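The following blocks contain the structures, represented as structure tokens.
Okay, so subunit A shows up in both of these, paired with subunit B first and subunit C after.
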Partner chain A sequence: MIMLFFMEQNISTEIQDEGCAAVVNLGRDVPLRLDSGEEISSFDVAYKCWGELNEDKSNVVLVCHALTGDHYVRGINPITGKRGWWETMVGPDKPVDTNRYYVICINVLGSCAGTVGPASINPVTGQLYGLDFPVITIGDMVRAQAMLLDYLSIDSLFAVIGGSMGGMQTLQWAADYPERVKTCVAIATTWRHSAQNIAFHEVGRQAIMADVNWNHGRYLDGEDKPHAGLAVARMAAHITYMSESGLTSRFGRNLQDRDEVAFGFDADFQIESYLRHQGISFVDRFDANSYLYITRAMDYYDLSADYDGVLANAFQGTKTRFCLLSFTSDWLYTTVESRHIVRSLNAIGARVSFADIEMDKGHDSFLLECPDMDAVVRGFLQSEADAMEVQLP
Partner chain B sequence: MIMLFFMEQNISTEIQDEGCAAVVNLGRDVPLRLDSGEEISSFDVAYKCWGELNEDKSNVVLVCHALTGDHYVRGINPITGKRGWWETMVGPDKPVDTNRYYVICINVLGSCAGTVGPASINPVTGQLYGLDFPVITIGDMVRAQAMLLDYLSIDSLFAVIGGSMGGMQTLQWAADYPERVKTCVAIATTWRHSAQNIAFHEVGRQAIMADVNWNHGRYLDGEDKPHAGLAVARMAAHITYMSESGLTSRFGRNLQDRDEVAFGFDADFQIESYLRHQGISFVDRFDANSYLYITRAMDYYDLSADYDGVLANAFQGTKTRFCLLSFTSDWLYTTVESRHIVRSLNAIGARVSFADIEMDKGHDSFLLECPDMDAVVRGFLQSEADAMEVQLP
Partner chain C sequence: MNDTASRASDIRVDLLEIARVIEPGSTVLDVGCGDGSLLDYLVREKQVDGRGIELSPEGVNKSIAKGLSVIQGNAEEDITFYPDQCFDYVILSQTLQAMKRPDVMLEQLLRVGRKAVVSFPNFGHWRVRLSLGVFATMPVNKTLDYPWYSTPNIHFCTIRDFVNLCDQLDIHVEQAVAINAKGYPLPFHKLFLANLMATQGMYVITKK
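Showing the complex of A and B:
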């Protein structure tokens, strides 16, 4: 299979830039054991990759995606028809340079873009999983990714990189597979979900479950989907992705297509129209049950919990080199949280770089054009790759 | 009617402490003209009062309530069976001392605790208003309050005081009726709703309107109410009333009645259980359409808009003495916003006191036990009352 990739990738630069997508069925012999104690066997994992593996397989970069993301980092996303979600970061001559690195991104467990999730068929029953899908954790997502890399005979990762929930996975990777992770780039993230983080997710879940069409998760074979509830969940979450100042400078109290307020409940303000659009467009590309499962995994995330509440112990003896980035206007996973991770790593003498990037766009900054972030990531990866003598493919 | 109050209030201290409640029907001769251009006539206004009017009627304090509040400031609230919402602030020997001041609180226009709102009967049609109720503004609420005070022959207010939406009303009072307002105490409030404020309200409204039981506002005569949507709206709003640090110190990641997470979608965490309770208990005391109307009024609030965008111009020439209070942990209506109001008042030479109170409970701090807030309000009112020689009743 890997050979097939290489052949495909050699066809033309264009195809190389767009990457190669594949779905692999895993766990047929040895099932994936989840943190809940449950197991899943014979499950699909979808991924995409760009660039070429070098001779000693030392140039692999694993990109971890966020809550509603997918493995379509670059190129046209076949689900949305839009460009990939991190083309500013990953690609030829980008900070994660596909001329140098072999980049892979794997759709997370529980999601709905190809990897098994609640919208998949349960091989045991032949029925759609729905709420029969087991509740998963960030650790489970990472374990599934490791299974795929085993399958692809990739032992070592030059870098694991991700923002938000992607950042949580990078830290989990560094904690669970220290020998496999050479460098870890965790952006706009946290080491545990706070009460406020959980609260916002719980609002979203309640909005979905309050939708009569949700029907206790059994909506998948019917016509009516819990789109209204999912849209509300997305709207609530989306506010947390943006900063107050960013919202003010972008929308303020500007009216939408009118000179005066209409004294009604239509979208008078641009911010209302924008949020409604965010909600409505989201439901076409995301499964409501997946939203429940992945937010649950994030709420369960507490990397210190397995280490007597001391985060530093999760990384004891690590040789991984860390790069932490936060954004000054991110109030979802704040600079204070990144600093806590940095201090924990300092406490055990781990090598860690940290940059708090001045940017007023809030949490979503990591997805946006951000030269400062790009420069930090580019510089960190380049110097580490040079130091480790990572060869070109 | 005023005489009746005085007689009742003389019966016993207990009754005086619990206050006297009344509902007055206004607008039968001259209707209330709304900012939308519509009019409402023959409408009920519910209010409650405590203390006694002094001889020259110079000791009246108008308390303005917040979004989901009502006029039950003290004593048992007949709707909820619980104590009033501001007993720490208003009462005998409290900062708003009912031994000295005659305190009145009026249920706002559009609400559902006795004053006319979308759950009331439209006198023109004999049917429930529902969405036929006109969209209102904070200015309309204040104008209705002024009509009631006219009816009660109260020309002058020693103080107007309120927090959150109550604070918006106090500023609107000072702008629209400068000659009637001697002092204005605005707590944890703003002069205009920001894009983020509007965004959170829009999520709440969309949650209500997404509930199939909402039925375009025509649920009032049926059995099924949009309780699920209203509960979600309340949950989303409630997060904005508390600070991240307050949530962390109160709930953190503590589990609810269990030692381990349950790997399911029940309320594993205390914060989830708490939020669900906030949502569920809210729907028993509040009307979903009222929630739409009052959040809309708040979103429309921009005191500077009628003054070429310059807030100071709203108070040009004012003789009112202002007291502004903010809380360090309030991220809904921040200290920065209170400072903007203070600076605007300074710019026109208005007399203004300002205190930014160190408190980690977020926006809701104004409703909680807060000795620093109490001391500021008590001191401000006392010194102003002494300076104006406000006599005891």
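Showing the complex of A and C:
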């Protein structure tokens, strides 16, 4: 009886988590013009949503995902079979409360999880894109999202929220569509990719391109994939997502399934084994060319570039309310970067809140259980929603 | 009792004294806003457009959760990033004595705000004088509640010191209130008496 009860409970959450999912073909009438000058027409955009739209469509929250993320924020991800990547943040009674908000997450341009990317078929040639896919930017990703929202007749966003590359998109949204974005929550992110950020990405790309199976991006219809290169890229990147203290407390110099070092190059240490696992499991769910394109988009990201290098000018006159969060142990997108955004916003009199959250798990903290982050996001969204009188669905 | 009333009664009496001098509907920056109690009160009761800077993560998290626009930061550094005269009032409550350069801070307050409201513990209070003069020890009491070796308060001053500094910096004192240990205003207007009897001073200042 008890078993049955629990099973029923599970089923009901499952359905709730499922949300709606769809793929929409856009750009058939008006193509998407990219920052590179190229255009793409007739392209797929995949998205998922949770909660219900209220009467005046004022309760929409757009969640922006990170580099290797996707639109499976909640529920079972059909690609990996695992739970969604932000169930701690988004859901019923969570900080982004799906009882109150209509939450939508759109897979980014260049991805391999449903939205058009280098692993998709080019409608012009009928062939797989591969490296014929145009180089994209964070601005292009945001423009594609705006096209989808236009298609869905969603004009105004109560909130745009995201971490890491998701945070870059939220800031791009606020800069490019100030009248559409009421509040912007940017977590563990930056306003431009630094030399160090670019350097780490270049190591990853070189690892992929050095893999003979990569074959100048033409591996998609063959048997052999550049899995070794992509795994190394993931391993290098994964180090930047964790902190030194986090690694030390979790792995230290502990050995993997052995009492002493083997005087060889097997994974002697637990950290080696962990990284190898991260690399190997990543290649099953991610396309190497997508990795090249999306890391490139991040490298090209500099919100101040169109404003003579003055970030504040990107937000001049904004009415958007900002909430910035950084983590004390994040050395990829440091507190200093968030603080620069905060000070730029203060310089133009924008409304901004900023918390530097104490957490020792490095950049990936934003994906983990973090009561302080949850409390700040929950409080910020709740009070703004109350102030704007966002009605329940 | 409704929510607003309970909140109002929650704020410290000396903060109410500060709130009294703030014009309704004005723009306010609270430097060192703590958990945002005063700012929250001002937003609710005086409909101000309020912002805050706070150093402690706990204070920042609580403030943002209240719906206040508060940033985590160092007051002396972060205030320099605000444009000139962008607030009607800048509040510095019980924080001046913890600044590295209180004089520079006062100038910054009046660069950013048209008026500044500054409150600080009075080191000229008779109990402090007694502690130093008779017992020859640094005072530790309810208002000055740290021992000398671990206090964040590195630049204590008396009410007279503060007035002298304002003079030096060409700062006009618009209003001066002597406040007792319970947070209530004292009826002393003579500097000598205020400096002896007040546990804290509260000043509304402007540029001359």
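Methods note: the second predicted complex is superposed on the first by the 379 of 393 C-alpha atoms of A that agree within 3 Å, B and C clash if a C-alpha of one lies under 4 Å from a C-alpha of the other, contacts with A are read in each partner's own complex, and residues count from 1 in each chain.
Rule of thumb we're sticking to: contacts are C-beta pairs under 8 Å (C-beta built on N, C-alpha and C of every residue); 3 or more make two chains touch, one makes a residue touch a chain.
All figures in this text were calculated on a predicted structure; none of them were measured in a lab.
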Which of subunit B and subunit C A:A355 touches, first, second, both or neither: second
Is A:W191 touching anything from subunit B or subunit C once the two structures are fitted on A? First, second, both or neither. neither
In the superposed arrangement, does A:A387 touch subunit B (first), subunit C (second), both or neither? second
With both complexes overlaid on chain A, does A:E244 touch subunit B (first), subunit C (second), both or neither? first
Per the contact definition in the header, classify A:Y333: touching subunit B only (first), subunit C only (second), both, or neither. neither
Comparing the two partners subunit B and subunit C, which touches a greater set of residues in subunit A: B
After lining up the shared chain so the two structures overlap, which partner does A:D372 touch, if you call subunit B first and subunit C second: first, second, both or neither? second
Which of the two partners, first being subunit B and second being subunit C, lies in contact with A:F286: first, second, both, or neither? neither
Sort out for me which residues of subunit C touch subunit A in the complex. 51, 57, 60-61, 63-73, 78, 81-83, 86
Looking at the complex, which residues from subunit B come into contact with subunit A? 35-36, 38, 131, 134-135, 192-196, 198-200, 202-203, 205-207, 209-212, 228-229, 231-232, 235-236, 239, 242, 244, 247-248, 250-253, 261, 263-265, 267-269, 271-272, 275-276, 279, 292, 296, 299-300, 302, 305, 331
Contacting residues of subunit A [partner subunit C, same complex]: 321, 323, 339, 342-343, 346-349, 351-358, 372, 375-376, 378-380, 382-384, 386-387
